[in-house]
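Chain IDs A, B and C follow the sequence of writing; residue 1 opens each chain.
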Amino acid sequence: MVYQVNDVLSRFSDLIVETKGGDASFSSIDAVDDYQSGSLIFISDAQALLALSSAIISSNSSPAVVVTSDDIASSIDNHDLCVITVKNVRFAQALIKQAYADYDSADSHWGMIHPSALIHPSARLSKGVRVGPNTVIGPDVEIGVDTHIRSNCVIEHSVMIGENCVINNLVNIGYLSVVGNRVIIRPGAIIGNEGFGFGQDQHGRYHRTPHTGIVEIGDDVQIGANCNIDRGTYGATKIAKGVKIDALCHIAHNVNIDEDALFVAQSGVAGSCNIGKRVIASGQTGMLDHRTVADDVILVHRCGVTEDVLEPGMWAGTPPRPFKEYVRNLNVGKNMGKKVAKLENELRELKKIMAA
Amino acid sequence: MVYQVNDVLSRFSDLIVETKGGDASFSSIDAVDDYQSGSLIFISDAQALLALSSAIISSNSSPAVVVTSDDIASSIDNHDLCVITVKNVRFAQALIKQAYADYDSADSHWGMIHPSALIHPSARLSKGVRVGPNTVIGPDVEIGVDTHIRSNCVIEHSVMIGENCVINNLVNIGYLSVVGNRVIIRPGAIIGNEGFGFGQDQHGRYHRTPHTGIVEIGDDVQIGANCNIDRGTYGATKIAKGVKIDALCHIAHNVNIDEDALFVAQSGVAGSCNIGKRVIASGQTGMLDHRTVADDVILVHRCGVTEDVLEPGMWAGTPPRPFKEYVRNLNVGKNMGKKVAKLENELRELKKIMAA
Amino acid sequence: MVYQVNDVLSRFSDLIVETKGGDASFSSIDAVDDYQSGSLIFISDAQALLALSSAIISSNSSPAVVVTSDDIASSIDNHDLCVITVKNVRFAQALIKQAYADYDSADSHWGMIHPSALIHPSARLSKGVRVGPNTVIGPDVEIGVDTHIRSNCVIEHSVMIGENCVINNLVNIGYLSVVGNRVIIRPGAIIGNEGFGFGQDQHGRYHRTPHTGIVEIGDDVQIGANCNIDRGTYGATKIAKGVKIDALCHIAHNVNIDEDALFVAQSGVAGSCNIGKRVIASGQTGMLDHRTVADDVILVHRCGVTEDVLEPGMWAGTPPRPFKEYVRNLNVGKNMGKKVAKLENELRELKKIMAA
């Protein structure tokens, strides 16, 4: 398939500052270290620009289109090259790649509703819904327009799924879960199973507390591969609009994650935590139950949230400390060692003087 | 469905200390922040009691029944309210919720043995066994009375599963595993695959050691979503009676977990560890191989068990230290800084005096 | 089945130094604490030898064959016992167990291609390929000789899988992935789903960047249960020949893991890391994105690779430090405490003297 730069310009005019080199055509979107003459590529920093220069020199061939930022564009002086200057290269890359180089998850080779899919007669599937082979859809499930449930999934009774979602292979969505629009659930994720809550008897044995709550997932959420999100003990575990959760994360019962928060892989959140808007939890972050993390907090270096984090900014360590303090503490041993050695020396000198 | 308090009193008389307000009926069990006039609710602490008071005032409506502890019951002075005093609110909640508000996992809309389930003719299924759609059950499997295997599972040959178990969707149980009675395995869990054991050749390459052992799971065990439990290299990986394992945990070959231990989400136990009775490992705990953890140890703050933990009580840190010592070490940098600054000052003063 | 020691000797002559006790037969390979009179057992250290002695005394019965190292063999003086001396006991155990006591994963009770498997007409399956029940194989998939895909898997379009692989139950392999020969993928693993990459708009909202790269898995690789391996943003996520990855690990987009590296359970590697040959990452290791780890590095105690690790040897801590330095730092608080207390004493004495 061949696309025209003019098509990009008209579809994404609000992202674009200016263009040099007139219209051009491109047939694929590629990385700077692997382009061909028909490639559109994104250059987001000086390092990538250097890689492009070297590649052009050694191959004596340019890509068709470069999408880059203002400061980098101004340093490109190649009149054969179509250069599109955008406000935000990474955002442009996301949208332009979605438009011209996205994978079609529809598995259209299996048709709309595969004959091996088992769909309860009381389930209501809207127009354009696809259901892959061996997927099981229980009673009273509702699925919105153009949503795609892929192969070998299990959607339990009374689940509501919005429009334009992609539920990947081998996913289980528990009964009564509510899923918004444009949600992507990656393979192997388990949504809405019972949480880890017990009553202990006089012998120290645990008896499960049935979890009668649900999971609510907002619009534009993404849940990673092999994640687990527990249903509420009562009420809901809530993943708000725009939240992105990476692979192998665990979100316990009654956690509340606010809009546009981001959890990197293998992070875990214990029960009833409140996570603010735009919080970023880097990989392998852990949170004790009932903790609060304020809006715009960034947790790094496998932060262990044993205490509330109530101020925005970057935090690390267990218990969590502002990043600068955490780094200072990391160095405390080394600095302290020097200070103490100096004191030991000075004291030795003093004693010598006094003994003299 | 409407239930009578008198039914609760007769079924759970051994949990109950006294009741006020006579018989009443309730139709659901709800949270204190979300009750209706037909609700039975549990009040386990002063905070919940406060929430109830506020809710009654603002809505001018009470729940039907409150189940609470002795000290809290004595402070409730509302004669319209049926108040049940119990010895242990959380334990009562577990059992009463199991009796009146539990989810029926039987997926009865798919019938007893779904026609799409593939069951080897040599498998022996007892009375009341249910098998969901697309589940595969291999040769010589034995399944006890009233056990329910849900959808898209794979039960390999010669597995023995006891009575009244629930094997949730998308679970794999490896050949020759032995599962007790009343066991719950949550979706996506992998039980009894080969462990991570190799022989290394002279070039540093790893060659797998076939694992000929099994997994043994005792009665009343719960295994969380997307967990992995490896079979033994020889002999068995043993999960004793009453153990509860949360989501995304890893239990390696030949680990031995004793009765009523509890592993919170994302914890990992390397090969051949011995874990005592009633051990609690909080989220993201890690254990090196061949370590021993004594009965009644509680591991918190992502404890790294690089050394044996032989005394009961609370431990944290890597290597594990008694919790008080761990907290003291956390503060050591700060305190040490103050002490050293004081020494530096004093020494400066001394020098001044001596110079004078 | 009964095997002869002479058969072992002829098949594994290059592993074997010498044998005592002539030919013998054995019918199983067992652990030293659980042998029978027909057992072949491996003794790899003095502790195992002691266990064998005790067991022989208490049961008055020997195993049939002992495979052990030179130094241990020389201390065994039992002429009834067949003793095979090998250069490397663990390596011999791996190969001999593979030859005589391995599990046949072929699920031959389900036939070669189970009728419930859904295989797209354009997929090309070589001779000896087995496909289990309910497995879905998409268009243009190629599968090499004698490879076995077990039950309830989903192999997406255009995947290439080599010869003699075992793809266990409930595995998902994403479109265009390339898998080498003799690869084992354990149950529940997700290979080749989209990575965690976004462009952020002016409101702080994340928009997914379609990942157009692939996953490439070399020969003799093993991927653990419930792992996740993301496809590249562009280009490939590469798992080289001989790499072994344990359960519940996460390997992000465009990571490059070189030959014979080993990742123990629950380790996570963020995007674009370069991991050298024979690197060992112990359980719950974490790596920030774009980090480099040199050949022959061993990461222990849940090392947090926030900085490049460029020298071989053992490393621990966050940031990573050579193991000796890490241990010294662990002790710094304690030692420093003593030093400072000594300084405080000496200063007190000095002051007394000066005051006198």
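Here is the rule we use: a contact is a pair of C-beta atoms (placed from the backbone, for glycine too) under 8 Å apart; a residue touches a chain by one contact, two chains touch by 3 or more.
These figures come from a predicted structure and were not determined experimentally.
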| request: Treat each pair of touching chains as one step and give the shortest count from subunit B to subunit C. | output: 1
| query | Is the contact between subunit A and subunit B built from the same residue numbers on each copy (over half shared) or from different ones (under half shared)? | reply | different
| field | Whole-Å gap separating subunit A and subunit B, where each centre is the average of the chain's CA atoms | value | 27
| request: Pull out every residue in subunit B that's touching 2 or more other chains. | output: 116, 134, 152, 170, 188, 226, 248, 266, 284, 333, 336, 340, 343, 347, 350, 354
| remark: Within their complex, subunit C touches subunit A through residues 116, 118, 120, 134, 136, 138-139, 152-154, 156-157, 170, 172, 175, 188, 190, 193-194, 196, 198-202, 204-210, 212, 226-228, 230, 233-235, 248, 250, 252, 266, 268, 270, 284, 286, 288, 304, 306, 318-319, 329, 332-333, 336, 339-340, 343, 346-347, 350, 353-354
| message | Could you list, by residue number, the parts of subunit C that touch subunit B in their complex? | response | 29-31, 33-34, 88, 90-95, 97-98, 101-103, 107, 109-110, 114, 116, 132-134, 150-152, 168-170, 184, 186-188, 220, 222, 224-226, 242, 244, 246-248, 260, 262, 264-266, 278, 282-284, 301-302, 330, 333, 336-337, 340, 343-344, 347, 350-351, 354
